[in-house]
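Structures follow.
Shared chain: subunit A. Partners: subunit B in the first complex, subunit C in the second.
For the complex of A and B:
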C-alpha cells in the first residue's frame, strides 16, 4: 500500500507542477467573469443562470484537466520509457495502475477545490449585486452538484487510464476518452428518443440493438448530472444520490480492474 | 527619435483612426443585416437535448438569450414582427423550456408577448401548462393561465379553476380566492381585469414589462369608468347604449378617459368596452 501511495504522491506532485493548469485556471476565471457580465441580461432567473454558468465552468475546466494534464501524467512514463525504471522497483503492474489513478484523482480533487473556491466567490459576488434574484438558490444542492462533477471526472479518469493501457499512442487515448465522454453524456437522450417511437421508423433494428449494448457498456453521465437541480435549488432524493455513487464506484472498480488486466499483458520495448 | 519609430507611430495612429471609423460602420452594417434576417431556426428539442452535451441549463440560457435578443432588437426599433418571427419566438421558447422546464423567464416572456401582442393564446397557454406542471411551487403559472382564460378566452369557469389552483400554492396573494369567486360572477368586466393586472404588476420586476403593464392597467381603468356609465345608463333607460356618444350626450360620463394607446373608445356588440387600438401600441410597418 505504501508503494501505491508513494506513486500516487509523485503523480499528484507532477500534476500540480504542470504549467497547463495555469491556462485552465485562466479559462475558468474567464468563464466566471463572463458570468458576472452576462447575469444581468436575464429578466428574473439571475441565480439560475449564475449556477448554470458556474457548474458548467467547473465541468469544462475539469474536463480540460483530465484530457490534457491527466493524460500527460499517464502517457509520459510510457512515451519517455521511464516506465522501465519504475518497474525495476518492487512495484507490480496492478499497483502502478492504482497508484497512478489515485495520484490523478488527488490532482483533480485539489484542482477542482481551488476552482470551487473561485466559483463560490463568483456566486457570492453576483448574489451581492442582485440579491432579489436568488430566492431558489441553495448552497447544499450547489455543492452536491459540484461534488458529482468530481465523480464524473473520477469515472472519466478511470476510462482514460484504461485507454492508455490498451493504446500505444497518447493521442489515440485522448480521442477514445473524448469519444467515450461524448457518448456518455448524450446516450441517455438518444436511447430515450429511440424508445419514444416518435418518427423512429427509419432507424434500423441493428442500430437500436447497438445503442442498447453501448448504453450498458459506457457510463450514463446523466446519472451524475445535478446541475439543473442546483440551478433551481430543487431537493435531490437521497436514493438518487446513493444510486449515483454506487454506480460510479462499481464502474470505476471494473474499469480499473480491466486496465490492470490489459496492462499485465502489455509489452514495453 | 529615429525616423522609423516616428513612421511606425504614425502608421499605428492612422490605422487606429481608420479602424474606429470602420468599426462604427461595421456595427451599423451588422445591425441592418440582422434586422433584415427574417427569422432564425431552432433545432428540434430531441436534437437540442443531445447537442447540449450534458449542459442543458447553460444551453437553455444561451437559447433564451438568443430569443430575447431577437425579440428585443425588434422591440427597440419598434419594427413589426411577421408571422414567421412569432413562430420563431414560440419555437424558441418551447426549445428553452424543453431543455430546462423549471426556467421562469421564458414563461414570463410568453405571457407578456404571445397574448397581448399577437393573440396566440393556445401557444402561450401550452407553455404555461408546461410551467405549471414543473414549477409546482410557483403560483404565478396557474395565475397567468387564469388571466388568459378570463380576459382573452372568456372561459370564466376554467379561469376560476386556475385561480383556485394558484391560491393553493405557497406564497400566493390573499386576494386570489376572492378574485376566483368574483370571476365566476362578474367575469366579463374591466374591473376584474384591473384586479388581475395589479397582481401581475406587483410581482413584476422587469422595468420595461412593468411599464407596459401599467399602460394596460390605465387602459382598463378607462374602460371600467365607461362600464360604470353604461351600468347607470342601463338602470335608467332599461337598455344598453349603442355607442359612446350616446353615453356622453346623456351625461353618463363627464369627460371621456384618455385612451393610452391612442385609439378611440368603442362599445362592442357583446356590450364590452374596447378601443380601436385593441390596446396595442402602434408599430412601424
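For the complex of A and C:
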C-alpha cells in the first residue's frame, strides 16, 4: 500500500501543478461570473437557472480536467517512456494502475472542491441579490448533486485508465473516453425511447438486444445526474443515492480490474 | 565457475508492428552471462537489439523464447527489481515534480527507510552536483542534468546490479567524467554493471567483458585481457595503404596484415622485426609508426558488424 500511495502522491502533485488547470479554472470562473451577470434575465426561473448553470459549469470543468489533465497523467508515462523507469522499481502493474487512479482521483477531488467553493459563492451571491426566487432551493441537495458530479468524474477517470492501458496513443484514449461519456449520458434516453410506445418506426429485436447489452456495459451517467433535483429543490430518496453510489463503486472496481488485466499483457517498447 | 548474476539463454524476441507490416526480429537466440561484480558492455549499431535485451531483462516486454536466470533461478520480476537500478537512454521524469520528490518516491517504492532516503539523496545529489537543484522542478533541468537525475533515480536504493542504457548520452565532458567516476566507483564497490553504449572508448575503459550485438545476435564476446594479450605477443607496424600487387607481396611476410583507417597494420612476432624491416625497405614501404594494440575496439567493432573480423 505504501508503494501505491507513493505513486498516488506524485501523480496528484504532477496533476495539481499542471498549468492547464489555471485555464480550466478561468473558464469556470467566467461561466460563474456570466451566471451572476445574466441571472436577472430569467425572471421567476432565476433560482433554477443559477443552480443548473453552476452544476453544469462544474460538470464541464470537471470533464476538461479529466480529458486534458488526468489523461496526460497516465498517457504521458507511456508516451514518454517514464513507465520504464517506474517499472524498474519493485512496483507491480496492478499497483501502478491503482496508484495512478488514486492520484488522479485526489487531483479531481481537490480541483472540484476549489471549483465548488467558487460555485457556492456564486449561488450565495445570486441568492442574496434575488432572495424571492430561491424558495425551493436546498443546500444539501445542491451539494449532493455536486458530489455526484465527482462520482461521474471518478467513473470517467477509471474508464480513461482502462483505455490508456489498451491504446497506444493518448489521442485514441481521449477519443474513446469522450465517446464512452457521450454514449453514457445519452444511453438512458435511447433505451427509454426504444422501450416506449412513442416511436412510430419498427426496431428489430437484434437492435433492441444489442442496445440492452450496451446499456449495461457502458456507464449510465444519468444515474449520477441530480441537476434536475437540485434545480427544483426536490428531495432525493436515500435508496436512489445508495443505488447510484453502489453502481459507481462496482463499475469503478470492474473497470480498474479490467485495466489491470490489460496492463499485465501490455508490452512497453 | 560461480553462478552468474544474470544469464540469458537463447532469448528471442520478434516485434509484430501490426497488420500489413513486416515483423521485426529484434533479438535472436541471445545467450550471455554477466558475472557477479563484472562490468559487461553490450555494444552494437542502432537497431541491433541492445535496448530490447534490456527491456526483456526488466520484464517490460516478453521474450518469445528462451529463459532468463537471476542468480541461477528463473527471473521473478519484483524480486529482481529490488536488486537493480536502471537508467534508460534519455530518461524522462515528471515535469512538475522536483528532484527531491522524485527521489523520495523512488526510495519509498524501493522500501528504503526515511533516514536512508535522506542520506542517499544528499550523498548522490552531492556526487552528481545536483544538490542545488534538489527543489527545482524537473522541467527546468537541462538534458545533462536530467541524465544525472536519472542516475540518482537508478542508484538511490543502492542496488547490487546496475543496468545503464547509454549513460553518457547528452552529457558534456564534465558530466561524462562525473558519470564515468560513478561507474568506476560502483565497480570498485563490487556492483554488477550491465551497460549499453555507443561511446566505445568508455566501454573499452570500463568493461571487463564486451559483447557485440549485430542484427539481434551476439556476434562476438571478448574480454579486456584479449587486448592485453594481443599487445604483448605481437609488434604492430603501421604501413601506408598499398595497391593489390604490393599488398600481395606484404602478405608473404611473417605475421598478419589487416586494413585499418590509417592504412595497413602488419602484426609480426618481435623476433622477426629485423628481417621484416629489411624486406619493407627493399619494397620501398616506409614504416609510419607502431601501435600498442593490433586493433582498437572501434576497428574490432566495425569489423564484427561487417562480419569480417580476423
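Here is the rule we go by: the second predicted complex is superposed on the first by the 267 of 269 C-alpha atoms of A that agree within 3 Å, B and C clash if a C-alpha of one lies under 4 Å from a C-alpha of the other, contacts with A are read in each partner's own complex, and residues count from 1 in each chain.
Going forward, contacts are C-beta pairs under 8 Å (C-beta built on N, C-alpha and C of every residue); 3 or more make two chains touch, one makes a residue touch a chain.
Nothing here was measured: the structure is a model prediction, and the numbers come from that model.
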Q | Superposed partners subunit B and subunit C on subunit A - clash or fit | A | fit
Q: Answer with first, second, both or neither: which of subunit B and subunit C does A:42 touch in the superposed model?
A: first
Q) subunit B or subunit C: which reaches more residues on subunit A? A) B
Q: Considering only the touch criterion stated at the top, classify A:6 as touching first (subunit B), second (subunit C), both, or neither.
A: second
Q: Answer with first, second, both or neither: which of subunit B and subunit C does A:25 touch in the superposed model?
A: neither
Q) Is A:82 in contact with subunit B, with subunit C, with both, or with neither (first, second, both, neither)? A) second
(Q) Per the contact definition in the header, classify A:91: touching subunit B only (first), subunit C only (second), both, or neither. (A) second
Q: Would you check which partner chain A:191 touches, where first means subunit B only, second means subunit C only, and both and neither mean what they say?
A: neither
Q. A:14 contacts which: subunit B (first), subunit C (second), both, neither?
A. second
Q. Tell me, in angstrom, the smallest C-alpha to C-alpha distance between subunit B and subunit C in the overlaid model?
A. 34
Q) Can you pull the subunit A residues that subunit B and subunit C both touch? A) none
(Q) Looking at the complex, which residues from subunit A come into contact with subunit B? (A) 38, 41-45, 48-49, 51-53, 55-56, 59, 132, 182, 185-186, 189-190, 193, 198, 221-222, 225, 227-228, 231-232, 234
Q. For subunit A, which residues count as touching subunit C in their complex?
A. 2-3, 6-7, 9-10, 13-14, 17-18, 80-82, 84-85, 87-92, 267-269
Q | subunit A-touching residues of subunit B, taken from the complex the two chains share | A | 46, 49-50, 53-58, 60-61, 64-65, 68, 100, 102-105, 108-109, 205-206, 209
Q) Can you list the residues on subunit C that touch subunit A in the complex? A) 15, 55, 58-62, 78-79, 81-82, 84-86, 88, 91-97, 101-102, 104-106, 108-111, 137, 150, 153-154, 157, 163
